[in-house]
């Protein structure tokens, strides 16, 4: 079958759905979107050639409806399904059902997905493949058994959900007293997020860096690694900034990590794109953490430094084509950084922010790539993940990339919701970040990055607001009535009083 | 003649006079300002003494939200008269020192971490709200005394629903004395 | 002086002013914009740290005011002036006056600019440097003398303005009868555009390709070439699409052209970024056409395939730094194509279109770069060049780049003016363009590319408009009054009648 | 019940009925259509039998300008009544076949290339207009007879200023006979 006559259904939403649709379009393939009623107007729906309704907003009734997605794919004559990340991307039953329906699943087989998707089993395979792993327990223990195990490895420990990722269910526990409550909370979160209460604990490697290796494997036994990504800038185990290459990794270490990642993937019979996550301690020892058996949020930084379009390669691999790259073809050129843009208020404990996008200006120009689900008029709701866009920059070296990121963040304008852009702006000004001196504890150790700060343009803001208020006053005959008629008089009072106390 | 304003940016006060010729005097210094509307009701371009700024501005709940270089500022502009009335009212006493903490998003209250009468510091955790399948801590926007708690664990709350009221610790002391 | 404490004034407007401002910002330098009253709200004014008024809209009273620009630069403490392209970029007196005012001019010296800027003198220097040139006359001949010279080289001939570029004043003349009128018209245009009536003629090389070599030269005698750009897709001698590498040039030819370009630049004592333009005939013979002693509109395609930021290099060179690249460092990776986006109606003879930008969506995602002066609310006027933006794509090879360009053009939405985007959309579907089979006569030979065509979505457009009209009808109590009350009843009639005749 | 329209897209005619249930019958085939407004008064999303389209639509001078995948379409939608009136009027005669050629931009008329009474083909050059320092040919939007020329060389014209009128060649013939 000619590739250009193929039709791909993208079983996802948001920026990643648009990313995959673009790749299909550039391959000349026809595209199908699916959507919940909350997403009727979403970019991915408008971008695809065809679009079909899945159901109401809750994921369980829409984007997690395996049966309905496969039914739509068959009805509209799709040849393949791309799951994106999240939702059904790491669901072995979905992968199997798609294949059994006579469609191509753009991702790994259900077997290797099941094997590597469960964190505990993945640790076993990694161990067999010769990868260093961190001491930890299995996920079938009771809370009491886990507490007992913790005594054998010593505190601090890390609590993790056996299923899924994205930091959900993860917790650091520093003493025996806190462990039972943490286990309960983690089981609650894991059940809510993945429908699976299974958790386990590992010894905590403190001040570690989170560094991961991207791999690509075809159906013919070829597998390459596309360098590493540095993902240590995290808040509550959620990545905020990723870059490639890592300022901590040299050529020898890259080769060593890449080769064990490929060995592990081969042992698992893994096919398609995948990522081996490692924790790296201060002495450059690296430990296998888990494998993500899907496309990663942060894949663009690897694309920018290697020149490989990972999504297009995923599609080619799924249709049985051979990898176009040998290991010696993969060379990292320049430096790329990604900043995840979330609808969260960095000045208020990163609380999710909702609202209608009133105005949007995305950065552009040299070395800037934006992957976004945003548009003017969009309703940002609480139904789905607060990550609404990604800003990725590419520069000749890390310093250039940071300066470019700084420039692009200054151009980014999102009105109608609060975003974490001010957090990123503070981060790029931080000397330790600029110097590459950070680990996964960086944000916890630098809480000022998430506090209100005194930006340099208060005076400008004062002048601008005063002129606008003055104009409004001139226009209106009567401006302010009595005191207390404004709905937020309390807030205003509180703010002014806060000042006086300084 | 000029019109005088007291302008508070995230708390910091500026004394600003807008002159008839459009120029502005800020803390005594005169600045020529050229401010034009661009588009979308909120986008302005301001050139003040040669310094160029792209300004996104909107008036919400009596405060100007100003976005400059991607940074957000909350600005309250008061003219002389408003200021006088408020200062009179304050002198006469009143519950102006209370802060109403509202839900920043809809969600499920997992746990309330404070009690009525408790004296809490700024940024102290008040309660845990689950939304987007994550547990989020709601923290105190200021120092204060918990005067009233309007929610309890296990209840869902709507966006902007009042959660609790923080009273002014000094006012409380005065009330007690 | 530390680079980050420097202040640069950009003596230009539009997308190129924004491009240069971004480079300065990424170098940590402070920036100054200048503007005419027509551009008070323009992006470059809002983007710079400081902005100063030059004068009323006509270029002669604003962007060509050498004295005023230098006065502003001195008054605000700028260290250097970047001229962009057009306006004063190739004006030797400006370059001299900037230097004499104690400021750094980011471009070549007045001497080499004068030498290479005059097309006739540049031909002489190229000849001396051993570059092949096309037979032609000098620019001091009367019309009668030119007619006589034409007889000696034979028809067809090309009429050219000695000053400036951009196709202004250029004309192909195929017989002696048409020559006098063409000379008059060319002198008129050249006078209007450059204030200089001097013109000359050259023998026309038919079916030639326009291929140019980008060079960078520092103040220390180092000079490199950054590969070639293929610029044969032209309409009335104005480039519409440029790419790098050229599908027509192989490694050996690239080296040969690059080396003579470097030799010519060295002979002229040239410093900073410059471009040698060549005409290449079917047998791969190349002839020197002219040198552009400035940044080119199409520089981004070279940046994307070489990884060199030409604008940043210009600034470094102007401040006396050494080139960071040796010739062996320059490797072309992948393929880049630029489509110039103009406010012109491709369906109506490319007439300039004016209006207010009502809605704007720029393409983004992998491999897409937009350089733009557009924003919602912008007034597109007739004061300046109709080129309002550039869309540049980068792909792993030419086919990928074309598919990506096709995808990005489909995402581009500009409402409020007519743009040439539909022309580009037809071009990328053209098999000869896809195959790389074209020369500078391509558009003239394919007039259908500029005609109205029958796009595939008429049925969809019909349904959409009918539903909207129906809703409007339902809303309004009375819809259409009598006939003839619509201002464009004539146009509507004409259109419908045109159909009936088919 | 449904409402019937004659819809002309760049000349091509479609017979479309909008049904009460929101579906549409186009040239006899029924199509379910879901059309929603997105933003900015002009952006819509249309899903018709699964086919998704982003539609930019605005009504100008009685014609809908529709932008689909970057391509522009001019659409005229007529309901039954309007159509009947027009067809009656046409039967009664009238200058409905005239086309007014207007200046697409302000500029200077360099040369007029046609004369009154001349029969010109579609796309024939009519006059040369200088704008943006370039000479631009204004061409005939249709075949016709030059009925009137309203400008002359050396004059400047404003945007949309009438330049000349093209008459219907057949109508002229009938008039002559």
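Going in written order, the chains are labelled A, B, C and D, and every chain counts its residues from 1.
Heads up, the rule we're going with is that a residue touches a chain if its C-beta (ideal position, glycine included) is under 8 Å from a C-beta of that chain, and two chains touch if they have at least 3 such contacts.
In this text the structure is predicted, and so the values were computed from the model without any measurement.
**Student:** Using the contact definition stated above, find the chains touching both chain C and chain D.
**Tutor:** Under the touch definition, chain C and chain D have A as mutual neighbours.
**Student:** With respect to inter-chain C-beta contacts, which pair, A-B or B-C, contains the greater number?
**Tutor:** Result of the comparison of A-B and B-C: A-B.
**Student:** Distance from the CA centroid of chain A to that of chain B, rounded to the nearest Å?
**Tutor:** 32
**Student:** For chain B and chain D, let me know how many angstrom lie between their CA-based centres, rounded off.
**Tutor:** Chain centres of chain B and chain D, defined by C-alpha means, are spaced 54 Å apart.
**Student:** In whole angstrom, what separates the CA-based centres of chain A and chain D?
**Tutor:** Between these chains, centre-to-centre, one finds 49 Å.
**Student:** Where in chain B do residues touch two or more other chains at once?
**Tutor:** 40, 43, 51, 53
**Student:** When you check chain A against every other chain, which residues touch at least two of them?
**Tutor:** 375, 410
**Student:** What residues of chain A sit close enough to touch chain D in their complex?
**Tutor:** 33, 40-41, 45-52, 76, 375-377
**Student:** Over in the complex, which chain A residues touch chain B? Could you list them?
**Tutor:** That would be residues 168, 185, 189, 192-193, 345, 348-354, 358-359, 382, 384-386, 409-413, 415, 418, 421-422, 425, 452, 454-455, 457-470, 472-473, 479-480, 482-483, 486-499, 502 of chain A.
**Student:** What residues of chain A sit close enough to touch chain C in their complex?
**Tutor:** Listed in rising order, the residues are 18-19, 22-23, 25-28, 300, 303, 307, 309, 333-334, 361-362, 364-372, 375, 396, 400, 403-404, 406-407, 410.
**Student:** Enumerate the contact residues on chain B facing chain C in the complex.
**Tutor:** Listed in rising order, the residues are 34, 36, 38-40, 43, 45, 47, 50-54.
**Student:** Provide the residue numbers of chain D that touch chain C in the complex, in ascending order.
**Tutor:** Counting only chain D, the residues touching chain C are 3, 5, 7-14, 16, 18, 24, 26, 31, 33, 35, 40, 42-44, 46, 48, 51, 53, 55-59, 61-64, 66-77, 79, 81-82, 85-86, 89, 96-100, 104-107, 130-139, 141-142, 159, 168.
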